[in-house]
Amino acid sequence: MTAELKDLDAFAEVQRLIVVAAHPDDLETLGGGTVALLVQRGIKTFSVNCTLGDIGTQEAHMSRPVLATTRLAETEEAARILGIAQTYNLGHHDGELVADLELRAQIARLYRLTQADTLWTFDPFWPGQIHPDHRAAGQAALDAYIPSKMPLYRPEQFNEPGAGPGCLKRIFLFATDRAPDIFIDVGGVYETKLAACRAHLSQFPQGEANLEWMKELDQRRGQVLGVTYAEVFKQMEVW
Amino acid sequence: MTAELKDLDAFAEVQRLIVVAAHPDDLETLGGGTVALLVQRGIKTFSVNCTLGDIGTQEAHMSRPVLATTRLAETEEAARILGIAQTYNLGHHDGELVADLELRAQIARLYRLTQADTLWTFDPFWPGQIHPDHRAAGQAALDAYIPSKMPLYRPEQFNEPGAGPGCLKRIFLFATDRAPDIFIDVGGVYETKLAACRAHLSQFPQGEANLEWMKELDQRRGQVLGVTYAEVFKQMEVW
Amino acid sequence: MTAELKDLDAFAEVQRLIVVAAHPDDLETLGGGTVALLVQRGIKTFSVNCTLGDIGTQEAHMSRPVLATTRLAETEEAARILGIAQTYNLGHHDGELVADLELRAQIARLYRLTQADTLWTFDPFWPGQIHPDHRAAGQAALDAYIPSKMPLYRPEQFNEPGAGPGCLKRIFLFATDRAPDIFIDVGGVYETKLAACRAHLSQFPQGEANLEWMKELDQRRGQVLGVTYAEVFKQMEVW
Amino acid sequence: MTAELKDLDAFAEVQRLIVVAAHPDDLETLGGGTVALLVQRGIKTFSVNCTLGDIGTQEAHMSRPVLATTRLAETEEAARILGIAQTYNLGHHDGELVADLELRAQIARLYRLTQADTLWTFDPFWPGQIHPDHRAAGQAALDAYIPSKMPLYRPEQFNEPGAGPGCLKRIFLFATDRAPDIFIDVGGVYETKLAACRAHLSQFPQGEANLEWMKELDQRRGQVLGVTYAEVFKQMEVW
Amino acid sequence: MTAELKDLDAFAEVQRLIVVAAHPDDLETLGGGTVALLVQRGIKTFSVNCTLGDIGTQEAHMSRPVLATTRLAETEEAARILGIAQTYNLGHHDGELVADLELRAQIARLYRLTQADTLWTFDPFWPGQIHPDHRAAGQAALDAYIPSKMPLYRPEQFNEPGAGPGCLKRIFLFATDRAPDIFIDVGGVYETKLAACRAHLSQFPQGEANLEWMKELDQRRGQVLGVTYAEVFKQMEVW
Amino acid sequence: MTAELKDLDAFAEVQRLIVVAAHPDDLETLGGGTVALLVQRGIKTFSVNCTLGDIGTQEAHMSRPVLATTRLAETEEAARILGIAQTYNLGHHDGELVADLELRAQIARLYRLTQADTLWTFDPFWPGQIHPDHRAAGQAALDAYIPSKMPLYRPEQFNEPGAGPGCLKRIFLFATDRAPDIFIDVGGVYETKLAACRAHLSQFPQGEANLEWMKELDQRRGQVLGVTYAEVFKQMEVW
């Protein structure tokens, strides 16, 4: 491991982590292993999916509400496997997420309610990001960072029990081309990661056979460290 | 030609090409030569202009609908010269194109109708892109890529004859600062390119004299290959 | 100073400068020294703040209109200190600025009215920009550049006395990670810069003690030149 | 029956009827009996619900997609009972329907596809209409009437098999305070109406006990005719 | 003429009249005769069409910009015939006019520029109004009335030469079911009205043969007065 | 007093009253006397102004935030005089209030928080209502009525202390042309009403001299009852 790369110590000060993703299964496939490791360390983790994932099928005769229902249940099961403290779904339609002021306010509210100190989300500036929902989720998550800390922004949100000004201190991006500097060896929890992914049966009906792409990706990243599987992150400097 | 650069072979597998641009004359000036070469090879090419180009004049007393009408006719003439199979104009106002859900749906519909396997569009992430319509066209074209493939996204679009799930396999960007890796020698069809550009008489009223900037640009790119004129593209990896 | 870096000569041809920022105090902290130098040279400078800055406090019981009122007055005082010819506030709410067609038209109108030849604004493409208002202001300022020059775009704006087609010739970005190439030694006017910043009493109630971060930043940049304080800019090529 | 009131003859020329409602169960409770009578006469009937009805419960722990799924199934069962040829659901969220251009286009498309000659919908001008979705559905249904007939309005809709210019000739309003002039004796099909309503089990879990309000309403209207149960409509003059 | 009905005296104090309509030919068919009479009396009249009228044809192969261009020219010709001082077209698309803040501002600007004292427009509250553009035009025209009088509403509009606070004193509605109380005998100028209508050749290609509906309507209204042709208006009380 | 008219008994069952208005001073001038009477009876009253009233002046050089600040203070003083329990201002801009989903949610939240049983608001269907903000406020207040009662509508609102499902039972409209049926003799509290109005010094700088129009209106209504001053309301039937 070169001097420049960081390992799990990069998250040493994390106590409450919020992950803002676009669809059920994003968290699991992109960072499920690291979540499992952090949960083992006692870190409280919150999962936010902005959309219902309700076009996530190639079956043209599936009903969208049925698919949404299925995926909400799959999300809960995956969260149980990973030890996630709570999941939120913001109810937007898959394929049509927009990083507007409404989405920003929804996410700021969760920063304030969960009192998370750390955010993981999609890099909205990655020019290779072809999924518009991924960009929208990442953009809105970053856009909510500063307003969430300001008492005069949507002040009614402070009335909910436990809410306080946003107190995020660090942001880590996934799905990015900014040179990733954090490589997490997830070999020890890979079975857990796979189980959480398989919980999304609607997406991976043949189980692990549908997850070869992910394993290859994690292996390629593992090679950088000389381990079997790794997940990668890039810290974004914020003030 | 260095090993890293690709030539027309980069498009070897293309059979149906869709070009999403912002204004009449974008396709012609940025890629008209390459289109001419591809059409010679039997590739079916579809041209989409998102706006009417209806502020494209310095004459303050021109009426916008008159200008739009003129430019629609110029587009048809240029398409005839280049051998483009069909042109589409999405009817938005020049200088005010917005990459919203409506534009995304309009473009996804054309991916589904044309069954194009290849897309050319503006790089919306180029920080040097000063024209907001160019960014909007490119962004919406990329944003439509994944939804167009999903059967539950705007399913009524499948009722039109010939429509099927989007089947784009490759995306090539123009007007980009990502290191271009595809250089096409267009010297052999440059007269055709110039003729297609001159068809936009409202834009280039003095003919070739108004196109010196383009010739210089194409020459500069040609120097990389050691040819007279070249056009350049950057392939974007998609999944 | 290396050959690549430019100094105040980079602005040698500027006669009328417009600065599009998001909040009261952006101009002052990011470029107040250089503005002071340019004003000394007789350059007419216009300041545009897109928002009222009305969530800019940690005091939860402050009223937003009171804060806005205070900050409008602070802006005038800072402008007086720097010698800015005129200030504009576009009236949008802090933390919720959106780069939509309305904001674009507001800014294009000011390009046309001020007949500025030079624009300074935020780099909307800086991936490290965490403040959504900064990105929105910069994006709208760039988006307005081309439309402002076209006579058929919002033609009623030409009826205002003194308005003409936009005539911006150069754009300089601040708050950017594109390698800055313009370093301005602002040591000689630093007291003026500090005074302009201190005018924003609502933001820096303890005066210079609240501005240590800025002094450190300007010092770090000064080290590149071997001077005490510097401000930096990046020119964007436009056509 | 007074001279001014019309009976089922008011619908004598109807051949294809489209009903635009807001929620599953609107059609059934407001006009289910008349639909049953018209279907008996061979009239082809199409039912459109603009929303999923996904807040239609007092159970706070119900999931919205589950409720939507349930109500789609209930709608199909009710349609089967009444003999409705086809049902459409436009997928909007209950309690948040907006009569915007998108909804207008969705409804115009169905006028063109079904080639309905007659429309039933909510009176959007009834000042007593307290449900915003009812007004939105009625307004959008009226707003779509003229555009649907114009070939240059959303012309891509004509590509779907069977689509033609809208050919609505008559509009009848329900839930209106404009003096209703059409009273339909639905006593002979009241069991069918009740069965269709009971199919909406999520809304009427205790069956007929939850429908007393409807029976009373229909009885009060029946008294005008001297019959047991009636449904009422108001024809709107259109050109 | 009964005591309740008013004649041309209803307009005795009018000096500058603005008519806000939706499509080219609305003014001419609904009030062209009265405009002709008022112009004879020296009243300065301004005509505003909110849309281009660009779906106003049954010919599916017509291009929308061509139709818009034609109708702008027809509007000028009709204005010449009626003696209208100036026409404005707000450039919106036919069939999709929305009474939003942008349209309100456009209309308020014209109240301020023309310094009209009197407004004619569509009654947006007529429940029988089936054309959505008519309602939108009328609603926006009424919505602009009060803001146009307030100096802090869109204050940049006052910079245009001749602009002042809106000074509308009276509003008259056409296309209304509120009992019309103003009946204007237009028999003496009916040839002028017909000529202005025939100028809209794209709408009435067979000339007067396409205008029988209008003549019948005007005759029916004339019968109330015992004259051949009349136009009707309803004054709306404003404060 | 005729049999049809109701007096203060119309409000006999009211315990918690919410008044949704558009601008500071609407409540005071339209219903201030009745509020004073109800507060005397122990009814808890909540006042909601949707806009800041920040264009409410004829002084062109007034700053909007200064005016907003002034009017917030005036509102508090008037509330003190009338005995209103709490005031809310939703922060929208005067002259540009829109009855959109955001405003609906803001108002629904207050129904849920205040647990009001009775609503007063503007009649949005009054065709004589020329102020667009009045219509928007009234429309949004009615639109929020049903959603506020549904647990799945914006469920996060229930987390605020004291919030519960909306429990409005009655709606009374002011500024309406629906035949008013409730006439309240406000002679006994007219001094209080006048004092509350005079608290809006920015609107009535000459005190009672600027309120003659209101006194005349209230006198005219008083004549129906044979009293000096009355205020009127119309109950809207809701379900």
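Per-chain numbering from 1; labels A, B, C, D, E and F assigned in written order.
Basically, contacts are C-beta pairs under 8 Å (C-beta built on N, C-alpha and C of every residue); 3 or more make two chains touch, one makes a residue touch a chain.
Please read these numbers as outputs of a predicted model, since none were measured by experiment.
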Touching both chain D and chain E we find B, F
Chains adjacent to chain E and to chain F under the stated definition are C, D
Chain-touch separation of chain C and chain E, in steps, is 1
Of A-D and A-F, the pair joined by more C-beta contact pairs is A-D
Per the C-alpha centroid definition, the whole-Å distance linking chain B and chain E comes out as 43
In whole angstrom, the CA-centroid distance of chain B from chain C equals 35
Here the gap between chain B and chain F, centre to centre from mean Cα coordinates and rounded to Å, is 56
Residue ranges of chain B touching at least 2 other chains are 54, 64, 125
Pairs of chains in contact here are A-B, A-C, A-D, A-F, B-C, B-D, B-E, C-E, C-F, D-E, D-F, E-F
Contacts from chain C onto chain A in the complex sit at residues 54-60, 62, 64, 67, 95-96, 98, 125, 127-128, 130-132
Chain C partner, complex, touching residues on chain E are 102, 109, 156, 159-161
Contacts from chain C onto chain F in the complex sit at residues 52, 54, 63-66, 68-69, 72, 91
In the complex, the residues of chain E that touch chain F are 100-101, 104, 123, 125, 142-143, 145-147, 150-153, 155, 158, 171, 178, 236-239
